[in-house]
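Working notes for the structure below.
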Amino acid sequence: MGLAKPITAKDADEEDKATLEGLVADVTAAARFTRQHAIAAIYHAGSGHPGGAMSSADILAALFGAELNLWPDIVNDAHRDRFVLSKGHGAPALYAVAAHYGFCSPRAALALRKLGSPYQGHPHVLDLPWVETSTGSLGQGFSVALGMAMGLKLQKSQARVYTLLGDGELQEGEVWEAAMCAAHHNLDNLCAIIDYNKLQSDNRNDAIMRLEPLAAKWRAFDWAVAEVDGHDISELLRTFRRAAATAGRPSVIIAHTVKGKGVPYMENIPAWHGSVKLTREQAEEALAALGAQRDEIREFLDDRNG
Amino acid sequence: MTATAEAPALIGSSGDSLREAFGKALAALAGEFPKLVVLDADIAGGTGVHHFRAAHPDRFLQFGIAEQNMMAAAGGLAAVGLLPVVTTFAVFCLRAVEQARLSLAYTRRNAKIVASHPGLDVGPDGGSAQALEDIAAFRAIPGMTVLSPADPLEMAQATRAMLEFDGPVYMRTGRSPAKRLFDEDHKFEIGKGQIVRKGKDVTLVACGVEVARALEAAEHLAEEKIDARVVNMATIKPIDAGLLARCARETGAIVTAEDHNIFGGLGGAVAEALAASNPVPIEFVGVKDTFGASGEPEELAEHFGISAPFIAEAARRAIARKGKGK
Amino acid sequence: MTATAEAPALIGSSGDSLREAFGKALAALAGEFPKLVVLDADIAGGTGVHHFRAAHPDRFLQFGIAEQNMMAAAGGLAAVGLLPVVTTFAVFCLRAVEQARLSLAYTRRNAKIVASHPGLDVGPDGGSAQALEDIAAFRAIPGMTVLSPADPLEMAQATRAMLEFDGPVYMRTGRSPAKRLFDEDHKFEIGKGQIVRKGKDVTLVACGVEVARALEAAEHLAEEKIDARVVNMATIKPIDAGLLARCARETGAIVTAEDHNIFGGLGGAVAEALAASNPVPIEFVGVKDTFGASGEPEELAEHFGISAPFIAEAARRAIARKGKGK
Amino acid sequence: MGLAKPITAKDADEEDKATLEGLVADVTAAARFTRQHAIAAIYHAGSGHPGGAMSSADILAALFGAELNLWPDIVNDAHRDRFVLSKGHGAPALYAVAAHYGFCSPRAALALRKLGSPYQGHPHVLDLPWVETSTGSLGQGFSVALGMAMGLKLQKSQARVYTLLGDGELQEGEVWEAAMCAAHHNLDNLCAIIDYNKLQSDNRNDAIMRLEPLAAKWRAFDWAVAEVDGHDISELLRTFRRAAATAGRPSVIIAHTVKGKGVPYMENIPAWHGSVKLTREQAEEALAALGAQRDEIREFLDDRNG
């Protein structure tokens, strides 16, 4: 198939440490851009879900930057790795990371949630070639990812399927149907990552519907389980590699994250889940906290829609 | 002062949306209906029931993001004598159709389902979130009453009527700010359509947010000397067949308007009722069997052909077909 | 010899049921459609796909009793180039309406849903198991094609047509032995209704098991010198509006007959299509917004008013209303 | 409320051993009748699910005979215990045990699955006053039972809610939604019993969708878990009592059973799940194996429907 990526974490074990460090730096920069772009897009849209975009930015950057065998010129390759954003409301982060890695224009992707723009509030497969399925209804993306993993195995493809779920999403029974099914079918080409930011739409998971002991649940459903700091890029990269090497069972990575990560006034505050309207002042403060320079902030926020 | 100090602005939950009107009415009615309990699947702020929670935290039941369990559990709550109101977005009600069918309707429970965020009115969340199928799905469930009030005042009245009514009810609210259409002497009644504008050339039958658009269309038509009657069909099931028959006789042409797929919803209910009594030309305004998209509700209404000009155009077509058997 | 040695007799899975015809056709078509995979939720013997499993165990995917996951996973299978056919009972399809909507229809996947055990035809399992809402629910999903073939031969043809068609399809089969209605030169085509009996006084439009009953009703009517046309409307969506318009013009009255709630199903589709073209009196034969019950299918058809005599009676009513605007 | 039952397992700890033994004998007889009656009803109906009726007969007899504060004259009492047959296809066993304990006429309850009879293929609340909710669609009964338990707690009732689930039923995601919810809300008035007969409609659980490690799953969902021999009446009775004494958490009893139990030619054979037609010879052999005498067999099987 000729799928070969210049440098990926897949090779990192054999590469020297300097290469890995370079990769981590690259992904870190991608994550920073992802957060900035997502904030700007939500600002322009006048609505959207910033909290869960911030918590997942490092995971997405690590996936797109180093783990997925997926890059812009192979989005139609049958043997590409698949990524499904099961927590579809995290769309702004997906669009942003895709923009960073050249799947689309960063400028175009700021037209979030606008009529006529392919960047809908939730990712839609018919709008964007690198979106693998439409999501937004929690639980479904995971099942679709499972179907992909099953289908790829049937077709003897080496491709892997990755999917990112929210923690609140785990309350959907469909998730446990899929979990049981993936284990039963030994789908070791399936890797689920949980953006475990401890918050959902309205409040903390604990207050809404407690998930703990979470790792025990996945173990009892017969998955290989890893727990990581979801903001530690090199730990993420190592864990993805370990998951890829796990035979006979699907893998879940419980990534402990902070909702709103990087934007101090959002961190751990349920109200920033969505659908919120960001003021210009809030957007500027967020971008500054995310390391954007004055001119970058202007570039991001100045009106581009007419 | 930094932005930190400011609370995020919740979108669309203005005091004038149908969901807010519902949420406030529900909270206000709690005293009168001591058995009332409200079920939420982690979107209380979206459905409007945060008002109820604030006033009656002990009667607010959190089910997490698990609509199937919530829907069926309502059957159990009703079975032990409580009056459960299940709340979520319309599209997620579609996830629990079978639960509503078996554990609420087949069992004839006195339980209510209130769905916010129906149709294109959802706006920027996009096509995946815009339920265009819910009226059809719930209308087909035997014994399920289906409501879709049109303005905040009527929503408050319908909330009371729904609680007073004995049996399973599915009611649509709405996300976006809704126009005030009615004044205090308006009176909602389950099963009754209402003529909200007199007219003799054609009848525009609408529900929910489309009533305002139908009234707007009637204004346009008046300029062309077309005298359009407007019916607010806030009860979609059981449909007010008597009123429809009268309108068909008196105006000879019908237009239906709904923020829903053209198949199976209000248009279907009206077509069924009239075919069984007074067949006349009907034109259907609704989303033409496609999914929605992100955008502002008014833009989407325009784009997908359910705004006032489309209703007016449909009226002209319906009138032109009168008496032609075509 | 003891009873031990005897295998239990499976009920209703005679070679003549629509589900058996489907299951056998599917197995036979496996070679021609190498991407075809069949999804089951632990009722292969009930849906007929045990035939496929026996022939192609490697392409038979077991999801256990978990219809939501099965439905959405079909979207993933289609996404990687396979041709998934989801199978379960019609009532359990209602458990996964939102999954069909988002992960199959909104995504425009080339995936098929085949539902056995629809309507009163389910028989003794009783009301909880008799889906009377599925046509309405799936018809309302944008872009979903809805089929309900009438006899085993047509079912086999429809199975092929469905696999050849590109896009999401919902197809009803049937549990009970089905009458043979058509001979080898019958030709099923998606989107086309067929006149299966000529007539000029009224048109009986039926689908699924009701086609046989409509033909029977036409025989009764013939004895009274009423010349009833019978249309087999095996595609409910997209409905054959052209044929309906022609029948309305030529016969002036319509009766619809379906093993489904009278609301939102075939009757709704026909009423919508005709109201938009040639409004004529329509009478609806279907289950009148109640749930079913245990019993034999023929008893139930009688009890709930969907057997041949009820179709004939509806035809008399429709004819009587002709030209009276009533 | 004046709910007092002559002798129940509830008192058994304080009663002398002889009483408990009497109770066990009583329940054993009830279970025997339940199996016999269910077989006869399925024979007359010409269809039905015998396997899961046989596996659950001892559990049902123990519940109705000794555990539930529920008897015929209090079926409308607000504070009665509730029982929900979540595996609704087990209806013939429910009707039979109810007939044994006087909720209905044994003779009437043989009119299974007939038009006009309230004994539908799956239990229907509008047909029979002692059926608490309609079931047949797997997973839903459990949610309804949860709603009852929640509502009873809200109303400060001491009543308990019991529900019987099939093992295959546990593949429904709704079950795990309800499991999570019941634990979150500390519904210690809810007791679920799993008829763990290892078979479902088509085959063994292991072949269809494996459930093991099953106890670990329930523990990870924060339930109090007990495993018992589902055909050992005194063990069942003791376990129900322990479950009732468990505070702060719902209880699940994983009852290991044999599908088709008591009818040798059915035991552990998936094909006897349903919907099967019993021949007269099969019905006679089953009844004989279940301890029915010649005249009882005739009494059960001779035509009573016209």
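A, B, C and D are the chain letters, set down in written order, and residue numbers restart from 1 in every chain.
Assume a contact is a pair of C-beta atoms (placed from the backbone, for glycine too) under 8 Å apart; a residue touches a chain by one contact, two chains touch by 3 or more.
All of these numbers come straight from a predicted model, not from anything done at the bench.
Chemist: Would you mind naming the chains that touch chain B and likewise touch chain D?
Modeler: Touching chain B as well as chain D, we find A, C.
Chemist: Farthest chain from chain A, going by mean C-alpha coordinates, please.
Modeler: D
Chemist: Once you find the CA centre of chain A and the CA centre of chain D, what distance in Å lies between them?
Modeler: Each chain's C-alpha centroid was found; their separation is 45 Å.
Chemist: Distance from the CA centroid of chain B to that of chain C, rounded to the nearest Å?
Modeler: 30
Chemist: Where the centres are mean C-alpha positions, what is the separation of chain A from chain B, in Å?
Modeler: Inter-chain centre distance comes to 35 Å.
Chemist: How many Å are there between the centre of chain A and the centre of chain C, using C-alpha atoms for each centre?
Modeler: Between these chains, centre-to-centre, one finds 41 Å.
Chemist: So which stretches of chain D touch two or more other chains?
Modeler: Chain D, residues with two or more chain partners: 124, 134-137, 139, 171-174, 177, 180-181, 184, 209.
Chemist: By the touch rule stated above, which residues of chain B touch at least two different other chains?
Modeler: 63-64, 66, 68-69, 91-92, 95, 98-99, 102, 106, 127-128, in rising order.
Chemist: Could you classify the connectivity of these chains, where an edge means two chains touch, as line, ring, star, complete or other?
Modeler: complete
Chemist: Under the touch definition given earlier, write down the residues of chain C that touch chain D in their complex.
Modeler: These residues of chain C touch chain D: 2-12, 40, 42-46, 62-66, 68-69, 91-92, 95, 123-129, 293-296, 299-300, 303.
Chemist: Flag every residue of chain D that touches chain B in the complex, lowest number first.
Modeler: 78, 82, 124-126, 132-137, 139-140, 143-152, 154-155, 157, 173-174, 177-178, 180-181, 184
Chemist: Applying the document's contact rule, which stretches of chain A touch chain D when the two form their complex?
Modeler: By the definition above, chain A touches chain D via 139, 171-177, 180-181, 183-184, 209-211, 213, 216-217, 219-222.
Chemist: With touch defined as at the start, can you tell me which chain D residues reach chain C in the complex?
Modeler: For this pair, the touching residues of chain D are 45-48, 88, 112-117, 119-122, 124, 134-138, 168-169, 171-173, 200-202, 207-209, 264-265, 271-272, 275-279, 281-282, 284-286.
Chemist: In their shared complex, at which residues does chain C touch chain B?
Modeler: 68, 91-92, 94-95, 97-99, 101-102, 105-106, 127-128, 132-133, 135-137, 139-143, 237, 249, 254, 260-265, 267-269, 271-272, 274-284, 287, 289-291, 325-326
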